[in-house]
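Okay, so subunit A shows up in both of these, paired with subunit B first and subunit C after.
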Partner chain A sequence: MIAYALIFAFLCYGIGLLLTLWRIATGPDPADRILALDTMVINVIALLILYGMWQGTAVYFEASLLFAMVGFVSTVAYCRFILRGDIIE
Partner chain B sequence: MLSEIFISALLVIGGVFGLVGSYGLVKLRDAMQRLHAPTKATTVGIGGILCASIAIAWLERGVASTHELLITLFLFVTAPVTANFIAKAYMHRNIEAASLPQTETSCGWAGYAPPPGENEPPSGDKSN
Partner chain C sequence: MNNASLLPIMALLPFLGALVPGLMIRAGRTACATFTAVPTILALVMLGLCAPDVFRGEVLQIEFEWLPALGLSVSFFLDGLGLLFAGMILFVGLLITLYARFYLSGDDPAGQFFTYLLLFQGAMLGIVLSNNILLLLIFWELTSLSSFLLIGYWTHLPEGRQGARMALTVTGMGGLSMIAGMLILGNIAGSYELTDILAAGDAIKSSDYYLPALLLILGGAFTKSAQFPFHFWLPHAMAAPTPVSAYLHSATMVKAGVFLMARMWPALAGTDAWFYAVGTVGLITMVLGALIALFKDDLKALLAFSTVSHLGLLTMMLGFGTEAAAIGAVFHIINHLTFKAALFMTAGIVDHEAHTRDIKRLGGLRHLMPITFVIAVIAGLSMAGIPLFNGFLSKELMLEEAAHTDWRGSHYAVPILATLGALLSVAYSFRFISHTFFGPVRDDYPAKPHDPNFGMWAAPGLLVVLVLLIGIFPQATVGPLVELAATAVVGHELHHWHDLKIWHGVTPALIMSAIAVLGGLILLALHRPLERLWNAVPRPEAKVIFDHVVGWAVAGSDWIAHKTHNGAISRYLAIFVVSTLALGAIAASGGGLAPATRALLPVPPLAWIGFLLLVVAAIAVVLLHRERFLSLILISIVGLGVSGGFVYLSAPDLALTQISVETVTIMLMLLALHFLPKSTPAESGIFRRVRDGAIALGVGGAVASLTFAFLLRDFSSISEFHLTQSKVGGGGTNVVNVILVDFRGYDTFGEIIVLGIAGLIIYALMHALLDGPAARRLRNWEFTQERSRDRHPMLMVIATRVMLPMTAMVGVYIFLRGHNEPGGGFVAGLIIAIALLMQYMASGFGWAQERQRIEYHAMIGWGVAIAGLTGTAAWLFGKPFLTSSFGYFHIPPIEEFELATAMAFDLGVFLTVLGAVMLMLYSLSRIARYAGETVNTAAMDYDPSQGIRETTEEER
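For the complex of A and B:
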């Protein structure tokens, strides 16, 4: 039963990844694209954790933690660039 | 059997909320409205998946693992900062300063008026 639930969660986050990709491609404003990129990072973190559960290892937690940190820093850097025209003043 | 039902319910709840968050990103009309949807995926979606991961390690394999909580904690701390930055970036590009309501304090809106204690905006600041 856990295997079916895992497949369901994989499907949900995979479809979510495609929806965020659509928003990145068509988003009218850069703010939409940043938000979609942030959501995409969230979806990838969830997929990594699910894959780690599928494989039964804890290796992928470090990868998902790295994804969380890099996603946060890149979102803030992109927003800073739009707000100030520079990342580190 | 009961632990299997519990873990499966957590996985299904997390998956549904993650899908709802990404679907709201496509469905909602305005960028400010779209800020609302992915918070569901960040909190309940990822939270459900991570709780399921903790429960699988504990109930199925007998290992008490807590480093999933690190990811949850990090996401919970960074999500408001990210949302604030995205909202400010959207306001900077799309909303005129004249259309904003008065702050009714001595200083104006952050990002539009100079911060308190400064008379002039910094040289790199674009005025709009």
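For the complex of A and C:
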């Protein structure tokens, strides 16, 4: 049963990835693109966790942890760049 | 103590001694010259101690290993030939030191001169004592370099500089050729030890590579010994001070080529190729040099071409390849040294006292400079080959050999040309004497000539005494030495040794000698009309040709350099990848590719999506790269895809690193982009874009297909070893980490040093940049952008502060488990760096900087130091650098745990990475301070716990 659930989840997040890609491509605002990128990171985190479940291993957990921890830093940096220009001031 | 151990000391002494004169010059020129003489005298004494052994027939040898893998060892040996040359080098070096003390004027930097002199002497001594041909080559190059310094000693004279450059170019090129020849020779003989090579003479001569080796080595010897057609550098080297000319062109530099041919005799001589190459070149050089010498007006130029001629004579003798010729050559080496050094010094004295060396402005000096006159006459007669002077004896031996040498079936070619050479030699020798010293006393000398003080004529005086002694008692004075050295040259006992004597009866040589003397006198009488003829005939001017050739070479190199290195990285990359592509295409067309052994794995749909993401993002970056901010976002997609790919393809270590590196990179780029134009102007035309696109596609396709081909085939790699040895040898189950900190620890050590240097360089560059005009531009920076007024939002400050301990904990966790699970010092360093950067970003530069306790520079330093110390600790246990050790410990109540020295090493990596990353970002973010941005002291613009602050000027 879990297998079907996983496949369904893979499918959803896969489509999610494509949609965020579409958003990044079309924009129109930088803010749209930054948000789309952030969503893309979240999708990847989810996919990594799902892949770990699929494989039955915890070895991918750190990668998703790290994504979750530092992924938002890039988003913040992009936003600061848009808002203030200088990211460290 | 075995005398052989004196040899390396002897070879080193001049080099050590070379350090002294430069300092001693403060104590005056006499003290300086004295201290130059000390190492020379010491070396001479040591040589004297070794001499009895050599005369007993022993060959002193000593060897130290240097680079055994290359066949390079520091090995010296001393046999008869080495003894002769070492003695000459040191003895004449001593005389030159004395002479130079009085020759150099007070304006000349004598300290430098004596230092160069000793360096040169050491290099020469090294050549004649080396038993390893690679070591010999090193000394050979050292003579080229040190002679360059000596010839160009008078740096204010353009002739001196040009002469030095020419000498260096010609002898340096010869040196290159000789390196190639020596390597071939060593390959044939299977050893680079001279004694082995000389013993393998027959194998060498029968080898297919004999001819190339011979020609290449002769290329070195001929250039050094100024043989035709490389003779032209020697006269131009005469721009040097006379002591240098006397040293370089009588006893040492130019004799190095002769020495080499003599040294290599057992290995190379005796074949037709040797005879025709060496003998013919020597013969041509002898005649040509003598002919030119006759028409030179400058005393030193005359002597220079005479030296060329005598070197030709020596080369020809060695080329004959017979035992008697070897004896004659060795004997003439000694004789030429004595009279030519004396003559050079005489020319120097005349120049010094009369202020001219132009023979046309001289004459009648015999009354004004009687002592110099006597010295010049004795030496000159010896050079002419007049009986009772030593030059006669060896010239007789030469003519005797020439008399029965056939050249391509002709009985007469060699004897006639040899006689002609001797005849010309008589003519220029007499011209030197008569046109300088005889004739009427003139009243238009540039200065009033008089004999110099004793110090200046002592050295040439001693030399002409030797000329006479050897000339009258040849066997008693130098007979045994000549026999010994000639034995060493031919490599076996001499079969036909006759004691040296003056009278051999009426031999063909005597008749030829008589013809030469008579003919020479007639030629001298006809000198005036002959000179007119000589000047009327056009001749190629070597210097002009040389300058043209050098000019072309420079222009050609310039052209190539400017075409390939035009400063654009796209050009370098294009050259690099296109040539790689071409080589790859050639390799691939060989058809050596084995059929594929692996099947393709199924590709799940999600992998296709990831693939699509990567491809779309990559293509979009190419299309949109002019919009810089947008490209950064697109690059993030690529980074995300690559990180995800690493996870999917089972490389969690790489994934962790990639994820953190991506974040840091984006921040670096954004920091830089703030001060850069936000879009790239279109500069290249359509043709260039198409061309570059084609190159990029071609190379990308090639790499992709190479990878694809590679992945479809089974192959063995070192991975197997790493996988099996990781736990056993390195004590860790994470192979990647064990490789980094243990198996390839040395690489990692180098890499963290590079990383540290990169960080420091960015810091230094920024420092220099902000001190320069860039700072002024920054001060006038105009922020066109509409900026948000919220510099440090409270939400972000709070969030990052909460994140800090958590992130730090993750960092520590990743660090600690690195040895056995994905992680390690590198990733941990990056994670902590990101945790700190978050604070910088959220709470501001000033607030964060205030809380920085350890300087980032120091962190880099500590990191490298800890890693290095961990490595060196292995030495204490007698293990090689960076050998790691590990053990398992059990301290209740903690579970059993492992401690490895690799962890300390990893700590070093961690600190370096952290320090370097922080330093880079810190340096870049400093720019903004120069653009007039203010620094905050409080973390938040609005801190609810503080109540409402006064709005300050920060709110820009």
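Here is the rule we use: the second predicted complex is superposed on the first by the 89 of 89 C-alpha atoms of A that agree within 3 Å, B and C clash if a C-alpha of one lies under 4 Å from a C-alpha of the other, contacts with A are read in each partner's own complex, and residues count from 1 in each chain.
By our rule, a contact is a pair of C-beta atoms (placed from the backbone, for glycine too) under 8 Å apart; a residue touches a chain by one contact, two chains touch by 3 or more.
This structure is a prediction, so every number in the text was calculated from the model and none was measured.
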Name the contact category of A:Pro30: first (subunit B only), second (subunit C only), both, or neither. both
For A:Tyr51 in the superposed arrangement: first (subunit B), second (subunit C), both or neither? second
Can A:Ile2 be said to touch subunit B (first), subunit C (second), both, or neither? first
By the touch definition at the top of the document, which applies to A:Arg80: first (subunit B), second (subunit C), both, or neither? both
Subunit B versus subunit C as contact partner of A:Leu17, first or second or both or neither: both
Comparing the two partners subunit B and subunit C, which touches a greater set of residues in subunit A: B
The shared contact residues of subunit A with subunit B and subunit C are 10, 17, 30, 34, 65, 69, 76, 80, 83-86, 89
Would you pull the subunit A residues touching subunit C in the complex into a rising list? 10, 14, 17-18, 21, 24-25, 30, 33-34, 37, 40-41, 44, 47-48, 51, 59-60, 62-63, 65-67, 69-71, 73-74, 76-78, 80-81, 83-89
Sites on subunit A touched by subunit B in the complex: 1-2, 4-6, 8-13, 15-17, 19-20, 22-23, 28-32, 34-36, 38-39, 42-43, 45-46, 49-50, 52-53, 56, 58, 61, 64-65, 68-69, 72, 75-76, 79-80, 82-86, 89
Subunit A partner contacts - residues on subunit C that touch it in the complex: 605-606, 609-610, 612-613, 616-617, 620, 629-630, 632-634, 636-637, 640, 643-644, 647-648, 652, 655-656, 659-660, 662-663, 666-667, 670-671, 673-674, 783, 785, 787-788, 790-791, 796, 803, 806-807, 810, 814, 821-823, 831, 834, 837-838, 840-842, 844-845, 921, 925, 928, 933, 935-936
Considering the complex alone, what residue numbers of subunit B touch subunit A? 4-5, 7-9, 11-12, 14-16, 18-19, 21-23, 25-26, 31, 34-35, 38, 41-42, 45-46, 49-50, 52-53, 56-57, 60-61, 65, 67-68, 70-71, 74-75, 78, 81-82, 85-90, 92-94, 111, 122, 124-126
